[in-house]
Structures are given as structure tokens and as C-alpha cells.
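Two complexes come next, and they have one chain in common, chain A, joined by chain B in the first and chain C in the second.
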Partner chain A sequence: MKPNLPPGISATAFADALEAFRKIVGDAYVYTGQALSSYADPYSIVSNEDAHAASAAVAPASTEQVQAIVKAANEHGVPLWPISCGKNFAYGGAAPRMSGTVVLDLKRMNRILEVSESDGYALVEPGVSYFDLYDHIQAKGYKLWLDVPDPGWGSVMGNALEHGVGYTPYGDHFAMQCGMEVVLPNGELVRTGMGALPGNTTWQLFKYGFGPYIDGLFTQSNFGIVTKMGIWLMPEPPGYRPYMISFQREEDLEQVVDILRPLKVGMVIQNAATIRSLLLVAATNATRSQYTDKPGPLPDSTLRKIMAEQDIGMWNIYGALYGPPTVMDTLWTVIRDSFSKVPGTKFHFLEDRKQPNDLLAARADTMRGIPRLSEFSFINWTGGGGHIGFSPVSPIRGSEAMKQYTMVRDRMHEYGFDYMSIFAIGWRELHHVVELLFDRRDPSIKRKAEELFRLLVREAAAAGYGEYRTHLSFMDDIAATYGWNNHALMKLNQTIKDALDPKGILAPGKQGIWPARYRGSHT
Partner chain B sequence: MPSNALTRRGLLATGVSTAAALALSRFLTSPEVRAADSADVRTFYDPRFPRSRDLADALPGAPPLYAVSGDPSHLLAHIPGGRPRTRDLRLQGVTTETVPFCLEQLARRHHEVRFESRRLDRDLFVWTLTIRAPAAVV
Partner chain C sequence: MIRRILGTTLFMTAVSGAIAADAPPGKALFDRNCAVCHAAGPSHAGTMRLAETRGPDKAVLEQRTDLDPAYIRLVVRQGLVEMPPWRPSEIDDDALTQLAQYLTRGRR
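Our next item is the complex of A and B:
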């Protein structure tokens, strides 16, 4: 099989680079040929199957090996794409943005370096998954809760660096990050915040240190390789009560969001609560063919049948109460009274949900930091296995939520896709995470999905909505929408990129940031 | 073919289409499936689809069968950790696609795996995932 070389690199230079990598990590940890199947994007949406194909992969076991690999990559001009666990499947998985890039797989750097029960933090390496950290905390008996995203097999560090979210009060993962160790593109090692002070005891306790706060530069970027990261953990609360609130009509979304905003901003709703659309909830428990064999949007009669059979609403809030019972009782009274204003509202606790595989049971685990894979079952809805996320951000405002909902729903129906989404409530913003399901074996469906996705990006941007995260194939599209003042932000990113990484070896094209060496050919 | 294999007529009686019956027959005779006879076996089906159990039961060395309906979280217990195995472990089944997808992803973290899958109809896939014992341990 002909190797998929990095652009502009000769076969000889590439072979020399691989030989240098083998000397650093050993033969067993440099992967080529068939061994690269793990680094393919399983849900690739674009017709060119090689668009994100790796040329090789190398798996270091230590920070020193990462530094040595980076230096060798500079010497040979070979680009690297760092991954932690590579499980970010709706956004490209372990695959690199640019075809021919060598994946720098940090899976062997999987040490939990420290957990402080008294101060509530962990210091981890990139290869530590949520399952790993959860198991460690349980084994040690620490009274600490982890905050987990939906699938729990991803990297604690990787998720925070990609601005991922979870569902406890600690759900904003990057906000809970404290202190990094970073290998710069020239191989130099840096510690951020208090970590820069030799002998400090506060690296995982105080984020800002002295001088500019630079940790954000190493998130969703290609400015460095984070090899250690602190993450804050939540002390186990004295009480916990998950709940679900269901609403019966499509148009209820507007009133629900407007009720929710003051509750969230005022911290009556304590956690990162979510509003889930009917079909997203239904799809975790059933498939489309169990309700219809006809293509096209589901008629209202079918939607009502699904609601009745699964005892769910057109919209469904999943949230939880945390604290002493008296505090939870008081908070619940406010929440219940607030949402009772919406006609037909139903309130559910775990003990009310008797159906097998009910989503609240899974959410009850996730909202207390127990990692699961339950959410993955929704992609069986249409049976084709492929999905990507379209994730525009808006204010927590009912009119904005309805505008986004109708805009995206109508386009999805026009292109023959079912609408399913989560509105995730942040501190001041609403993440509208739309799941676009497609049959990954059907090129014609994939073409439609790709066309639809690009259209949604353009229309959302025209309406003032930007995506907070995206699949590899759309990074340039979305970066281009952040174009205020003649793309001043991208120019700044490129200036930083060229200063830190003059040879352009680190993650070319990540988030639309191309190094000078590839800029002309990719942007 | 295993003794509990369904005939073509038997397959059609489970409610699968002719195309699905053909796909399953081809799958059962594929070199990948036939080569894995020396493995420990665990077989999964999806109780939401009655035909799934009959079809899973036709897989080589099928019983006992494990029910798994959509949520792959419960499958973690079936993936061995990083300890070396002395025999291959074959996980197989007739389920929705997320089940083998998640098992494969989990198994690859610590083990060399072989994976084969074939779509039977809109919802169900027949699949086999062999977790290889290291040659030095066998």
C-alpha cells in the first residue's frame, strides 16, 4: 500500500522521521499500514475518504519522549496531530485535520499523578479517561465526584481542552481546569499559573499565577501539547435528587427557556441542566423503524404516540438537586412552581420512571459523575451509525431558542433528516447541540448531510450564531465565520502560530489555524 | 456450520428479509468467523427485536446469550482489562450497531482485535469481535 505522505515531504524524509521516532519510543509504538485503522474517522462525512487519513502514528510514554518527538518532527518537517484518547467521535475521533499528518497518540501517558481529597482536585496525564479517574476515586474511597461528559470513555484532559461539558455543577470543564504542563512546538516545557513557581504548593489551586493567563491558548488550538493538567473535583454533596420535567408542545420551548434563565443565572438550578428534544430522548430507547417505515418528517400523530409510549415530552429537562435535604426541598419548590406555569408540564423523579432503559436512569448517573456510554444508543435511530454535531451558541432566551430550533428543524426536514438536539444551559449561554444522523455506508446520504451542514453553518452565522466546536471537515468553514474586523482574530491566531511554531509541525489546520507553510494551499 | 444453525427457511421464519438471511448465511461461512473456533465466546442479542435472539442463537458456540438493548454501558464488564489472556475471547451477536462499535473501541485500548460486521436489516447487524490472546501467552 502506498504510504499517505505529509504534504511536501519526500518518502525518504518521512522514512527518516519514522526511524527517529522509533529510536525514541521503540518499534512497537510507531504504527503504519493496517495498524492505522484505529486512527480513521469512523463517522467521516465527506466523500473523500482520505481527507483525514494519518500517515503514521507514534505513541510516547512520557513528557520527555513527547519533547524528543517534537524536536525530531521539527528536524524532519513532519507534522504531528496530538490526541489523548481519540474518542471525540462526533467531531472526527482520532483522525488528523490534514491528510498525511502523523498522529501523536498520548494514550500511554495515562497516569493519575495526584488526587487531593481535601482540596478537591486531580492532576492527570492526557491518556486518563473518565472511566479511569472514576475507578481510581472509587477504589481509593475519596468523597469526590468527577464531572463526566456523555460518553465516559474520552480523556479528562482532552474534553476540557476541547471546551467539553458535563452535567454536575462542575459541568464547564475548562472552567474547572487549573494548571497545565505544556510542550511547546520547539520542544520546550512550560508550566502555567502557579506551576511556574519552583516549589509551589498551589499549582492546582490558583489558576492565574502572575502575568497573562495563557491556559486558554492551549485549548482548541495548535500552540502546544498539554502533558499534565489539573482538574477540580466536586466534594460529594450530602444529598442528590435527579429529576426530569417534560413539556407537551413544540412552542413550549420559548417559555421554558425564559423560565430557565433566571433559575440558572441565580443558581437555583445548580447543575448544567439540559433540554432534550423528543426524538433524541426516544432514540436512546427505540429505533425509527419501530414507529414508521416511511421517510420524511414524522407526522404529529407519530410524535404523540412516541410521547405516550415512552412517557416523555416534546421537550424534556434533565436536572438534579444537590445538597442537604432541606436545601434541595427549597430549591425544588422554586423550580416546580416556576415550570408549573407552562400548561401540561409533568414532573418526574427516578422512582416514577419504570420503563426499561429509561433515560432518566442514565442521566441520574451522569449528573452525579458516573461515566456511562448510554447516550451512544441514540445513533441507532436510523441504523446507519454516523453522526456529527452542529453546535451553535445563543443567549438563554426563549425567542432565540425558538428561532434556532425552527431554522434548523426546517432545514433538516427539507434534507430528509430528523431533528434531534440538546439545549445545554451554561452560565449565560445556550449551546444548541444538534445531532445529525446519517448512514455512514451511504455516499448519497453523506453528501446530503455535508451539504446541509455547510448550509446550517452559513445560515447560523448570518443570524449571528457561531459554533463552539466542530468536526474536522468544517473547521475552516466555522473559523471563517468568526471574521469580525477583516478576520482580526484569525490574524492574531496566525501570528501566535507562526511565532511559536515557525516550522508548522503542530496540528496544521486545527480550528482553522494553518501555519505559514500550509496557509496558501489550505485557506 | 454449528449444530444450532438455522436453515434458510428457519431464518426467514424469524422475520428477517431474504437479503438479511443471505447476509447472515454468508457471514457465518466467512473465514473470519470460521477461524475463531478456539475462543471463549459470549453472544449478545437485543430483546427489543424478537428476531435478534433467534439469529444470535444461530451463531457458532452461541449459548448462553446476553441481552443488551441499546445502552452499551453494561458491556464494559465483558471487556477484559489490560491483563494478558490465555485464550482468544470472541464476542458476537445480532444487535444494533452501537453495541459492536463500542465493544471494539473499548477492546482496542488494551488488546489486538479482529472485527467483522454485516448489516442484516435497518436495525440489526451480525458481528464478531475477537480479542486476541498475545502469541507469547498462548
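Our next item is the complex of A and C:
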């Protein structure tokens, strides 16, 4: 098999770089050839299977090894793509943006360096998964909850750096980040915030330190490799009560979102609650073939049948109450009375749910920080494995939610895909995360999915909606939509990139930011 | 109650390798890496999918008697349709061999 080389690097120079990497980490931790099959994006949407193919992978075990690898990469001009746990599936997994890049696999750096029960934080390395941190906290008996996204095997650090969200009151992961250690593209080591003060005792307690707050520069970026990160953990509350509220009509979304906004902004709804569409909920314990063998949008009669069988709504809020029982009782009274204004609203608790794989049972875990993977049963809805997230952001406003919903639903139906989504509610915004399912084995379906995705990006941008995160294949497309004032933000990003990484070795193309050496040939 | 049982299950899964000293090493690897999707019962995406594509009698990996070690190694490294691949930094080749042995020893 012909080796896949980084652009502009000769086979000899590449072999020299790999030899340098082997001297740093040992032969066993430099992967080439067949071993690279596990670094491919399993759910790639683009027809070119080699669009994001790694040339090699190197797996260091320490920050010192990361620094040495970065220095060697500069010396040999070889680009690196850092990954933490490599589980960012639907956004590219462990694969690099640019074909020929060497994956810098940080999974072996999996130490939980500190957990403070009294102050409520953890300090972790990139390879620590939610499962790992949860198990550690349980084994130690700490009265702390972590906040988890749906994929429990993901990296605590990686998810926060990618602006991921979870479902407890600590659901905005980057907002709960405090203090970083970063290897810069020249190999130098930096600690941010209070970490810059020798002998400090507040690195994981006070984010801002002294001077510019720069931690954000190392999220969704290619300006450095984060090797340690602090994350705040929630003290276990004295009470917890998960709930589900279901609504019967498509058009209820508008009223539901308008009721929800003041409850969320006013913190009556305490956690990162979600509104889930009918089919996304149904897909966690059923498949499409159980309801129809016909392609195309499901008729209303089938949707009603699913709702009745699974006792779910066209829209479904999953939320939870936290605190002393009297506080939870009071908050619930306000929430229940507010949503009772929507005709046909039903309120559900765990003890009411009869389905063996009911989603509220899974949500009851994730909304209290117990990591799981069970919600990924939804990819079984059509089978074929392929899934990708389209994730535009809007205000928490009913008219905007309806506009986004109808816009995306109609296009998905036009292209022959089922609409399934989550509206995740942040501090002031809705993340409309749409799941596009496709059969990864069918090139014609993939072509349609890719065409649809690019159309959705363009149409969303024209309506003023930008995506908060995306798959490798669409980073340039979406970066281009953030083009106010002749792409001033991208110019700033490029200026920073060129200053920090003049040889362009770190994650070329990440979030549309290309180093000077590749700019033009890829954009 | 369901939530409590599931939470306990995850915790037990994590420490079972240390507690069950007589269990084969591949069992702990399975519990740690595979069980979350492939254990028996509802809420397991892999089990759900295999029940549909292979039939209920082949849905639970630990109950299968038709698996081949080379096939298991291939699927783990390359993935299979819905299942993503696993990298050698997550499960090295020696561990993968132990996992394959565990799933092919004809246990009932």
C-alpha cells in the first residue's frame, strides 16, 4: 500500500520524522499501515474516503513527550492532529482534517491528577473519559457529580474544548473549565490563569488570573495542545427529581419555547434541559422498519401511532429538579403551571414510564452525571451507522425555533431523510442539534446527505444562524459563514496562528484556520 | 430505582476486573470497553442492532458460540457499520487477543 504522506513532505523526510517520534515514545506507540484503520472516520459523509486519512499516529504518555514530539514535528515540518479520547464521532472521530496529517493520540495520558471534594473540581489529562472520572469519584466516595454529555466514553477535556454540553446545572462544559496547561506549537509549556503564579493554590478555583483571559484561544482551535485542564464538579444536591413533559402538536414548539425562556433565564429550570423531537425519542427503543417499509416522510397517522405506543409527544422536554424537597416542590409548581397552558400537555416521572428502554430512564442518569451510551441506539433507527450533527444556534424564542424547525424539516424531507433533533437550552440560546442519519455503505445516500448538509449551512447562514460545531468536512464552509467585515475574525485567527505556529505544524484546517504554508491550497 | 440500578451497574462494571480474581482477563476488558453497548438486556445499542440484523439468538456477544478470534480483532480495529473502530492506544494488541479469547471460549 502506498503510504499517505503529509502534503509537501518527502518519503525520506517523513521516515526521519517517524524515527524521531519512535525515539521519544518507543516503537510500540507509533502506528502506521494497517493500524491506521482505527483512526479513520467511521461515519464520514463525503464520498472521498481518503479526505481525512492519517499518515501515521503517535501516542505519547506524558507532557514531556508531547513537547518533544512538537519540537521534532517543527524540525521535520510534519503536521500533527491532537485528539484526546478520539470519540468525537459525527464530527470526525479520531481522523485529521487534512489528509496526511499525523494523529497525536493523547489517550494514554489518562491520569486524574486531583479531585477536590471540598472545593468541587478535578484536574485531568486529555485521555480521561467520563466513565473514568465517574468511576474514580464513586470509588473514592466523593459527594460530587460530574456533568456528562451523551457519549460517556468521550474525553472530559476534549468535550469542554469543543464547547460540548451536558445536562446538569453544570451543562456548559467550557464555562465550568478552570485553568489549563498548554504545549504551544513551538514546544513551550504554559499554564493559564492562576497556574502562572508559582506556588499558587487557586489554579482550579479562579479562572482569570492576571492579564488577558486566554483559555478560549485553546478551544476549537489549533493554537496549542492542552495537556491538563481543571473542571468544576457539582456538589451532590440533597434531592433530585427528573421529569419529562410531552406536547402533542408540531406547532406547540413555538409556545413551549416562549414559556421556557423566562423559566430558564430566571433559573427556575435549573439544568441544561432539552426539547427532543418525536423520532429522536422513538429511535432509542424502536426502529423505522417496525413502523413502515416505505421511504419518505412518515405520515401523520404513523407519527400518532408511535406517540400512542411509546407514550411520548411530538416534542418532549427532559429536565430535572435539584435541591431540598421543599425547593423542588416549589420549582415544580411553577414549571407545571407554566406548561399546563399548552393544550394536551402531559407530565411524566420515572415511575410512570413502562417501556423497557424508556428515554427518561437514560436521561435520569445523564441529568445527574452518570455517563452512558445507550442513547446512541437512535442510530439503529434506519441502520447503516452514518450520522452527522447539524447544529445551528438561535435565541430561545418560539418564532425562531419554529422557523429553524420548519426550514430544516422541509429540506430533510425533500432529500428523503427523517427529521430528528434536540433543542438544547443554554443560558440564553438554543442549540438546535439535528441528527442526519445515513447508511455509510451507500454512496448515493452519502452524496445526498452531503449535498443536503451544505445546503442547510448556506440557508441557515442566510437566515442569520451559525453552527457552533461541525464535522471535519464542513469546517471551511462554516468558518466562511462567520465572515462579518470581510472575514475580520478569520484574519485575526490567521494572525494568531502565524505568530504561534510559523511552521504550521499544529492541526492544519481545524475550524477553518489554515497555517500560512497550506493557506490557498486548501481554502 | 431504575436509575439507581443502572448507576450501580456501571460502577460494578468498572471494578469487577479487580474483584473477580478468577475471571479471565478478557472479561474485565469486555466489561470495560464493550458491555456498555453489547451487554444483555435493553439500553444496549449494539445488542439492539444485532438482534435486528443477526437475530435474537446472536444479539448478545457473550452468549455467542460462532465468533472467531480473527474476526473479533478485525471488527475491533476496523469497526463494523454502526460500530466505530478501537485504536491500539485504547486496546493494545495483547489486550485485544485476550478479549478475543474470552469471546470465543464457548462459555454458556
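Assume the second predicted complex is superposed on the first by the 523 of 523 C-alpha atoms of A that agree within 3 Å, B and C clash if a C-alpha of one lies under 4 Å from a C-alpha of the other, contacts with A are read in each partner's own complex, and residues count from 1 in each chain.
Quick note on the criterion: a residue touches a chain if its C-beta (ideal position, glycine included) is under 8 Å from a C-beta of that chain, and two chains touch if they have at least 3 such contacts.
Source: prediction; values computed, not measured.
Asker: Under the superposition described at the top, does placing chain B and chain C together on chain A give a clash or a fit?
Answerer: clash
Asker: Looking at A:505, would you say it contacts chain B, chain C, both, or neither? Reply first, second, both or neither.
Answerer: neither
Asker: With both complexes overlaid on chain A, does A:138 touch chain B (first), chain C (second), both or neither?
Answerer: second
Asker: Check whether chain B or chain C contacts more residues of chain A in the superposed model.
Answerer: Looking at chain B versus chain C, the one contacting more residues of chain A is C.
Asker: For A:59, decide between first (touching chain B), second (touching chain C), both and neither.
Answerer: second
Asker: Between chain B (first) and chain C (second), which does A:165 come into contact with in this model arrangement: first, second, both, or neither?
Answerer: It touches nothing on chain B or chain C.
Asker: Answer with first, second, both or neither: which of chain B and chain C does A:356 touch in the superposed model?
Answerer: So A:356 meets both chain B and chain C here.
Asker: Determine where on chain A the residues touched by chain B overlap those touched by chain C, and list them.
Answerer: Residues 38, 42, 87, 107, 131, 153, 285, 287, 289, 356-357, 362, 372-374, 376-377, 379-380, 383-385, 441 of chain A touch both chain B and chain C.
Asker: So in the complex, the part of chain A that touches chain B is made up of which residues?
Answerer: Touching chain B: residues 38, 42, 87, 107, 131, 153, 284-290, 356-357, 362, 372-374, 376-377, 379-380, 382-385, 441 of chain A.
Asker: Okay, in this complex, where on chain C does chain A touch?
Answerer: For chain C paired with chain A, touching residues are 1-3, 6-7, 10-11, 14-15, 36-37, 42-45, 48-49, 52-53, 77-79, 81-90, 92.
Asker: In their shared complex, at which residues does chain B touch chain A?
Answerer: It is residues 48, 69-73, 75-76, 96-98, 101-102, 105-106, 108-109, 119, 122-123 of chain B that touch chain A.
Asker: Name, in rising order, each residue of chain A that touches chain C in their complex.
Answerer: Its residues touching chain C are 28-29, 31, 34-35, 37-40, 42-43, 57, 59, 86-87, 89, 93-94, 105, 107-108, 131, 134-135, 138-139, 152-153, 242, 285, 287, 289, 350, 356-357, 361-362, 364-365, 368, 370-374, 376-377, 379-380, 383-385, 440-441.
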